[in-house]
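Across the two complexes that follow, chain A remains constant while its partner is chain B and subsequently chain C.
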Partner chain A sequence: MATVSLRNIKKTYSNGFKAIHNLNLEIEDGEMIVLVGPSGCGKSTSLRMVAGLEATSEGDLYIGDKRVNDLEPSERDIAMVFQNYALYPHMSVARNMGYGLKNQGLPRDEIRRKVEKAARVLEIEHLLDNKPKQLSGGQRQRVAMGRAIVRNPKVFLFDEPLSNLDAKLRVQMRIEIKRLQQEFATTAIYVTHDQVEAMTLADRLVVMNGGKVEQVGPPLDLYEKPETQFVAGFLGSPGMNFMPARIQGQALLVQGDHRIDLPDMAELAQWDGRDITFGVRPEHLEACSEAEADFHLKVDIIEPLGADTLLYGHLPGSDSLMIAEQPGKRRYTRGDVVPLRVDRERLHLFDAETEQRLNE
Partner chain B sequence: MHDNVVFNNKVLPYFLLAPQLVITLVFFIWPAGQALYQSFLIEDAFGFSREFVWLDNFIYLFSDDEYWNSIRVTFVFSGLVAFSGMAVALLLAAMADRVIKGATTYKTLLIWPYAVAPVVAAVIWWLMFNPSIGILAFLSWTLGHQWNHYVNANEAMAVVVIASAWKQISYNFIFFLAGMQAIPRSLIEAAAIDGSGPFKRFWQIVFPLLSPIAFFLLVVNVVYAFFETFGVIHATTLGGPGNATRTLVYKVYEDGFVGLDMGSSAAQSVILMILVITLTIIQFKFIERKVQY
Partner chain C sequence: MIENRPWLTAVRHLVLILGIIVIGLPIWIALVASTNTSASFVSGVMPMWFGEEGLNNFRRVLTNEGRVLGVGVSASWMMWNSFIMAMVIAIGKITISILSAFAIVYFRFPFRRTCFWMIFITLMLPVEVRILPTYEVVASLGMLNSYAGLTIPLIASATATFLFRQFFLSIPDSLAEAARIDGAGPMKFFKDILLPLSVNNIAALFVILFIYGWNQYLWPLLITTDENYYTIVMVIKRLMTAGEGNVPWNIIMTTTVLAMLPPVVVVLVMQKFFVRGLVEQEK
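Moving on, here comes the complex of A and B:
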């Protein structure tokens, strides 16, 4: 168990491509950090630098109190779970799990004992003599986890470990990973592009974009108060609705003529007349009476999900898409015009140019 | 298993198979039958008389020390060719797998020797080892060793092994390299994290994963050394000195076309045929169901 510190980490490839611009991150002991972002955002590169599979171009990397920049992966006391599991195909499950211990020079019966213990935790005891090829995807995933656990490392690294599984198994393994990480209370860094995985697993979430960190914080903080338009759009499913708007006195003019009265905000005066982007999540658009309505949504497509219903449509006189999430019990038909009210506590204002958050 | 395709036409299948069958019959079954028949005969050199002697040719062969010597030479030769050709190819492939800049050029250059005919390769090496004018022989002389494969049996063996293996390295290299590139990088990385150094990683992870390819290449290389190196030996040592490089195939030629002992030569061909068939069966047996790892 250990803290992990990334200080002013930069990564530039030999062809000049800057993968990581300036990464600073302090990970506490026992914390589960999830790096999330679209492909190419640098999240995997960051993880691989912590693992020692990629060299850092600049900056300092600490695991515990030790600077590990120049240490081999094996000397960093980490364990990694790969997307394709990376099980050694010619070794049995038991030998796969024990390979690291064997390289540490542990006696055979001790390896056996540790492997069996880990196998018990993961419920794969009956598979110990099988070869990876004989296992299902979920079982391979468990073996890969077992190989990490058995070493009792300071840090677990997960590189999109669930993306090769089918949807149902993914949910199950997600819970399993969370349970194991809490049980072992080991520091963990988890990379994913799936925002549901990110939200559910993270103690703290790191949203990355284009080699830079957009925001760091607990998942719900990021969901409620995204610092940038990118984070706002990336987290939450379906994604946040964005519309061009302008502040006029105490009100917001969305797309020119939809007027939304804003709650009292001290900064409003200084934003007067400024171009901004208005954002609201689909779940914060509430069906209401005509009199209260901020918007009238003309419904084009309906997605009934059971608990909720997603309404895809547009505002009359505009062609930009808008999504609203409504309780599932009410039925809608295509072409309905639904009056909607914006939850005043949960609206988001971003600078149109810098895309930074404006409101508290 | 997929369901077999069913042809309703009774004639078409035979018609489609005919070219292959005709070629096999004319160029394989018929000569093989001829050789088998001749191996039971003793003929005089000019074809004036022939006598049916049953297995006498074979009995004579196996009681002949010369023949046993030739068997021994063939096995030593094949073993050395297969081993050195594969070892060098494996080393080159392991290095090529790490090359980042100019990888294509490097690989292309390594593949070129395969386009060289065995005889030509043999002549090149023969020239380099030639005790009078060869650069390698000269080099060994400057180092105080008097290289002369015309008189030294081991040196003669070395020349034919090098010339034969050199060409085969390219072939082995392609297979090994393809095999290595098919190994997921994450496996190597996982092993690195598991505390396995580069050398250990190669022997404990990469090499076991290459073993099906290595086995396939072993069979191919042995077959090559057995049956396709006639030209190499004929162009360099002519089987000498003192029969030190006279392999089974070379002896077939010498006894048949130089010694004009058709019966014995045919009997030796039959033995070689049995060897080929055995090797092919081994290859099919193991490679069909793949070497499991």
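Moving on, here comes the complex of A and C:
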């Protein structure tokens, strides 16, 4: 059990590419942190630096109160689960799981005992004598987890461990990982680009973009109050609608002519005349009567998902895409013009230049 | 391509049968000749069926009874020489190739690429091409007429490095990383993981290199003058020229059959690995 701190961590690859600009993160004991972001944003790089597979260019890395920058991966007391599982193909499941312990010089019967215990937790006891080749993807995943658990490490590191599984198994293993992590109360860092995985697993979510941290916090906080336009757009599916707008007195002029009167905000006066980006999530656009309507959505595509229906369309006189999520019970047809009202409590205003959040 | 036209099947079989005859006939002749007496050849026509002298021929050749081979050593001794030569070359080449491939793929050191290309260039310089300078070196090191002289110059080209390098590159990096996290240092990783994974490749290479070493002719001919270091392949050619006008075909073919045996045994024993090593890659 340990805390992990990354202090002013920077990473420049040998080809001069700056992968991580300045990473600061304090991870509490037993906490599950999920790093999420688009491809190439530096998630794996960050994780691999904690593992010791990649050297840090600058900054200090602590596991517990020990500075580990210069320690070998095996001396850091971590365990890692790889995307392709990285099981040793020629070793049986039991030997795969016990290899680390064997290298620590543990006696054979103790290794056997620990491996069997971990196998029991993961329900793979019957597979202990099989070779990885003889296992299904999900079983390999469990063995990889088992190899991490037997070591009883201070920190679990996961690099997109579920992305090679089919959708159903992924959900199952996601729950399993959460269960194990809570049961062992081990600090964990989990990398993914799947935002559902990120939202469901994380105690705290770290959204990264271009080698920088955009925002850190509990998943729902980030969902409800994204600090930047990037985070707002990245979390949530379907994504948030963004429209250029301008503040005029007490109201917002969206795309030139749609007027939305804003709730009272202390700062409104000083923002008067400012160009901003207005954001609203699809589920916060409600169908309403003509009189209350902020927008009229001309429906191009309808996606009935059962519980909800997604309406893809555009505002008359504009061609930018707008998505609205409506309760599934009402039927729509293509070409409908649906009057929509913005939920005033859930709208997001971002500075047009800096893309930082403006409203509370 | 699976087509089902009768005449095509016939042609296919014809080609196959022709091929088998072309390859099989010389072997047939050798086998038959090794069982006949030398008198059977006097007429100038090769006998096409087995004689009675088989056991006798093999005994005479293996023990060099009455100097049938025209040299002072027996065929069994020369086969032993050939065996040592083939084994040392095969094992030696595999050892240095796998180690150099390991260094090139898994370590970052200055001039890594240069090293790789220098090794690669040895592919273009087989013994036959560099035979004179190599002879010079071996002679001045005093290695003429020795096993070292027979083998070391042939080992000293890491032809198989390239093959191992390609194989190692196909092993995912994460395997090495997992081993590092599991506390395996470089040599442990090599021993516990790379080596077992390479078994099929090693076996396939062993077969190829064993036959390569066994079949060496020019090099042993050049550097051995002491009969104790003669190889079995060398002596076949000597036999052809030794008998004045009267070539002892039965003895030559008996020796030939003996010389063919070890490569055949190696191929048969290693067949399973051999095929797997050439076609299949462990995932």
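Remarks
Going forward, the second predicted complex is superposed on the first by the 360 of 360 C-alpha atoms of A that agree within 3 Å, B and C clash if a C-alpha of one lies under 4 Å from a C-alpha of the other, contacts with A are read in each partner's own complex, and residues count from 1 in each chain.
The rule is simple: a residue touches a chain if its C-beta (ideal position, glycine included) is under 8 Å from a C-beta of that chain, and two chains touch if they have at least 3 such contacts.
Just so we're clear, the structure is a prediction, and the values are computed from it rather than from any experiment.
For the composite obtained by superposing both complexes on chain A, the positions of chain B and chain C are in clash.
Residue contacts after overlaying the shared chain place A:A51 against chain B and chain C alike. By the touch criterion stated above, A:K329 is placed in contact with neither chain B nor chain C. Contacts of A:H126 after superposition on the shared chain: neither chain B nor chain C is touched. In the superposed model, A:K168 makes contact with neither chain B nor chain C. Comparing the two interfaces of chain A, the one with chain B and the one with chain C have residues 51, 53, 72-74, 78-80, 82-84, 86, 88-90, 99-100, 103-104, 147 in common.
Residues 51-53, 72-74, 78-80, 82-84, 86, 88-90, 99-100, 103-104, 147, 151 of chain A are the ones touching chain B in the complex. Interface residues of chain A facing chain C in the complex, by the touch rule stated above, are 51, 53, 72-74, 78-80, 82-84, 86-90, 99-100, 103-104, 133, 147. Of all the residues in chain C, the ones that touch chain A in their complex are 172, 174-175, 177-184, 188, 192-193, 196-197, 282-283. The residues of chain B lying in touch with chain A in their complex are 184, 186-187, 189-196, 200, 205, 208-209, 211, 293.
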